[in-house]
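Each structure below is given as structure tokens.
In what comes next, chain A is part of two complexes: it sits with chain B in the first one and with chain C in the second one.
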Partner chain A sequence: MSPRRTWPIAAGRVYVGVILFFLYAPIMVMALMSFNASEFYAFPLHFTLDWYRKLAGNAPIISSAWRSVWIAIVTTAIATTLGTAASLALFRYDFPGKRVLQVMLFPPIAIPWLIIGTAMLIFFFWVGIGRGTPAVILGHVALALPYVIVVVSARLQTFDIQLEEAARSLGASSWQVTRAVTLPWIASGVVAGALFAFAVSFDQFVVSYFLAQPGDATLPVVIYTAIRKGFTPEINAISTIIIVISMAVMLAASRHFKFGGER
Partner chain B sequence: MAEVEVRNVTLRFGALKALDDVSLVFPDGQFFGLLGPSGSGKTTLLRAIAGFIFPDSGSVLIGGAPVEHVPVEKREIGMMFQSYALFPNMSVADNIAFGLTVRRVAGAEIRRRVGEVLDLVQLGGLGDRRPHQLSGGQRQRVALARAIVTRPRVLLLDEPLSALDKALRVDMQVELKRIQREIGITTLFVTHDQEEALTLSDRIGILRDGRLVQEGTPRDMYHHPGDRFTASFLGETNFIEGRAETDGLHLADGTLLPWPDGKRPAGETLTLAVRPEAIVLSSAEPDRSDDRAVLSGTLQQAVFSGATAICRVDVMGATLKVLVKNHELADLAAGQTVWLSWPAARSMVLREA
Partner chain C sequence: MALTARQTNALRAGVLLSPAYLWLTVAVFLPLSAMLFFSFLSAAPFTTDDWHFTTSNYTAFFSRSLYPDLLGRSLLLSAVVTLCCVIIGYPCAYVLAKQIKGRSREALFLLIILPFWSNSLVRIFSWAIVLRGNGIIDHTIEAILPVDVSINLMFSFPAIVIGLVHSYLPYVILTCYLALQAIDDTLIDAARSLGAPFRTIFVRLILPLSLPGLAAGAVLIFVPVAGSFMEPRILGGRMGTFYGTVIEDQFVAVFNWPLGAALSFILLAVVLVILGAASPVLRHAR
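Up next, the complex of A and B:
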């Protein structure tokens, strides 16, 4: 290969390297500092598990973490079920206003969460739901739903409608068709949609901040409040735990499902 | 098994009349080919009989019972799709067993019937394979096995052979016909391939613009087409126009072509059709008689294609095609005057001018 042909490849490698560096370097620094004895990020690094021990005793953070997890699980269950059902309906049937409905799925993804959060707070007070965990879950489901529908619908685009017709011609009811033929095909899309829903809920700060009552804040809200009072490496510790768990979940999921891939 | 019938079926897609007052009987146990160009409504008719779509008016009867309001899953039909539509997440055996599983047939009975039908389509031993591990022809057999294992009252085939290459397609035609005969199931077959329809069908129906043009046995349809459309859609045809008189069709140059059955059909100007293989080509003028049509023309071109050759002959400005055996080409040269003759009985009188 001539030298003129190699420099774009080298440039490409540098580009990828820079991207990976800026993505992962801050995370690595945070993880390292969660094991550093110095509270003020001083080098050299003295290994300690003190911050993890302190974290274990920090009741507000631990309880808010568990609250975040179960709110995310509930949100994921509701949003994935509703979103998958909605995607199937949009895929199978033609009805008046279908196009409008499909287009209306996108603005909630684009509108800043700060604005949506404010709007929800005002609206929930107006209709009498007010603040609290039900309001938080309602808000999270509303935010996660469009992601699930978009991801599952994308997967459905690769589905051959003749498979459903074949199943029906063999005597299968609508539910039997869905369970035996359609769901297995879109399973990877449903799992990807569920991961999105979980991430939207678990990462959610703005809407949770507005809608949660002071006593039952979610983890991102508690972390934010803690940072405002004064940063402690305990935050690094809980963040590191979360990163390890989420990466493990994503890697496990990607081994079993070809996201966006096609056989 | 059952006879299938559609009565005065009309079906609209918006402003488009996909089916326009179609009435047709599909006799019990016969292989019926639905033929037509794309957009003729043949697939729509098949899907209306299957129960995927419902006619705006008219009725669909299976075994004498009206089913036009019965959804597809309750119609006890078997259907084969163009793409085969095998379930990719199931093995061959599970694909075939699907219709029995949803009917809650017992496990032992399912295994017995799946084994039976796998043998029928000559795929014994391939039950554990996945659809993507099979060849096109094997997938087609699985799709057929899946469609017939539930012992449906009628088998519907939507261009099932169009995805196969030519050689395989001919094999599968023979195979399909054998299996259909063996189980004696009423079969409806949609195709745009006229040769396939002629080969496979006991009866053929030709559709055009949502209307039934003609229906009959393949031979009848081939030898007695009602109009230009049917004549040209089924096989190659030559058309000859002229003035209708008592003794025959008078062409512009005064040539007389006698009527096939001796009687003068109604109408002023008429079209006669004659198949390329009915015409005898000779370099010498043939003997004339009352029951033979004779024309002369100039040989333009002879296209050799192995056993046979197609000769194009200019007759009064029109080109007629003549099919000859290859050895008959020997004493013919382009540009020479040739004679075309055929028995008057092989002339086909068409409805339209």
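Up next, the complex of A and C:
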């Protein structure tokens, strides 16, 4: 290859490296500071695990962390079940208004969460649900559902509907067809959808912020309040744990769902 | 009564679809309708019996320059962030889609997308740690150069832009990457073999073909940034008053929910206009 052709490629690689540095460096710095003894983030660094020890004794943060985890699990279970059922129907049946149902999935994704969150707050107060964990779960499931339906539907596109027809012609009931033929085929899509749902709920801040009861809030809301009041590296410690969890969840999802589309 | 096959199918589809769509209706579409209704009330009906219909919440928006100014400021922030993301992200997507091949491409792409799906609040917080005065930036520069520096970007407009670009950059890389890798390489090779310089190939071939992806990424950034409030609050401090933070205030501090609803709805109208204007281009995006 002539030198004229190789330098753009080298420059391209360097450029991607710079982007990765920009994306990861602040997260690394934030994590590094959770191991630094100074309460005021001062240099030089002195390694300590004190902030993690303090965190373990911080009852409000720990209890909100467990609340976040179980809200995410409940959200995942509901959104994955309802979303998979809806995807199956959208895939199998043709009916008038199907296009409308598909378009209905976009508002929860495309409208800023600030608008959705405040709208939920108004409506839930009006009908008497008010603030609190049930309201948070109602909201999280609604936000997660479109992602599950989109991901599972993408997987269903690779499924041959004739397999269902073959099973049915052999006498399988509708439920048997779903359980023995369709679900095993789309299992990886369902798993990816579930992981997306977990991530949407576990990382959700805006909607939780408006719907959570003060004193009974999810982890991101507690962290936001702490950041605004003035914080110590304890917040770095819990933030480091969160980022590790949410990146692990997405890594797991990436094994079942190609973000870059089929190649 | 026996059902026809058509009716059975309709019934089955209904059973499978209704839980999900009922949920979406109760948790998204009814709330949005309720908010529209609410924005025409003088007071929240569950706080007082003394309420009536009024358009004063909307006239309040126009009667003072405060709200239109803040909306303008938020849209400006959106424009700046979107522009930065596109300028920084497009070349990166190009390198990934057209220069790097095989497994390393997949791995790099995943590394870029991964932060986008991780906690956005925590990532904004990480910038608060990086940008604070007498922080890591000062120490790094002082370690390399023999000068005393004091760079304090925290609580400024640039700080908010940096944080938001960090949050949304992967979006535009994702959409541009999908559009760019759909371009057939043989087209580019054909143009090159006919003697077209890269500039011409880019302007006449690559850019037009990847425009839908670029537009999709731009819209997907512009819209949520216009409604952002957490990022300006954390990174902007007193500089961080935007349209989104004013809406937040109506709901959590001032408790003027009808005004907040009206302000939210004006933002929604702006968002819908933007989505509508972009839809001819977006329809070609994947």
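What we mean here is this: the second predicted complex is superposed on the first by the 245 of 263 C-alpha atoms of A that agree within 3 Å, B and C clash if a C-alpha of one lies under 4 Å from a C-alpha of the other, contacts with A are read in each partner's own complex, and residues count from 1 in each chain.
The rule we apply is simple: contacts are C-beta pairs under 8 Å (C-beta built on N, C-alpha and C of every residue); 3 or more make two chains touch, one makes a residue touch a chain.
Remember, it's a predicted structure, so these values are computed and weren't measured experimentally.
Within the superposed three-chain model, A:P60 lies out of touch with both chain B and chain C [touch as defined at top]. Of the two partner chains placed by superposition, only chain B is touched by A:L163; chain C is not. The wider contact with chain A, measured as residues touched, comes from C rather than the other of chain B and chain C. Once the two complexes are overlaid on the shared chain, A:V181 sits against chain B while remaining clear of chain C. Contacts of A:P134 after superposition on the shared chain: neither chain B nor chain C is touched. By the document's definition of touching, of the two partners only chain B reaches A:S173; chain C does not.
The interface of chain A with chain B overlaps its interface with chain C at residues 263. Looking at the complex, you find that chain A touches chain C at residues 8-9, 12-13, 15-16, 19-20, 22-27, 29-30, 33, 41-43, 78, 82-83, 85-86, 88-90, 92-93, 95, 101, 104-105, 107-108, 110-116, 118-126, 138-139, 141-142, 145-146, 149, 174, 199, 202-203, 205-206, 209-210, 220, 223-224, 227-228, 235-236, 239, 242-243, 246-247, 250-251, 253-254, 259-261, 263.
On the chain C side of its complex with chain A, the touching residues are 9-10, 12-13, 16-17, 19-21, 23-24, 26-32, 34-35, 38, 44-46, 88-89, 91-92, 94-96, 99-100, 106, 108-115, 117-123, 125-130, 132, 134-136, 139, 166, 169-170, 173-174, 177-178, 181, 220, 223-224, 226-230, 233-234, 244, 247-248, 251-252, 257, 260-261, 264-265, 267-268, 271, 275, 286.
Residues 160, 162-163, 165-173, 176, 180-181, 184-185, 263 of chain A are the ones touching chain B in the complex. Of all residues in chain B, those touching chain A in their complex are 50, 52, 71-74, 76-79, 81-83, 85-89, 98-99, 102-103, 132, 146-147, 150, 156.
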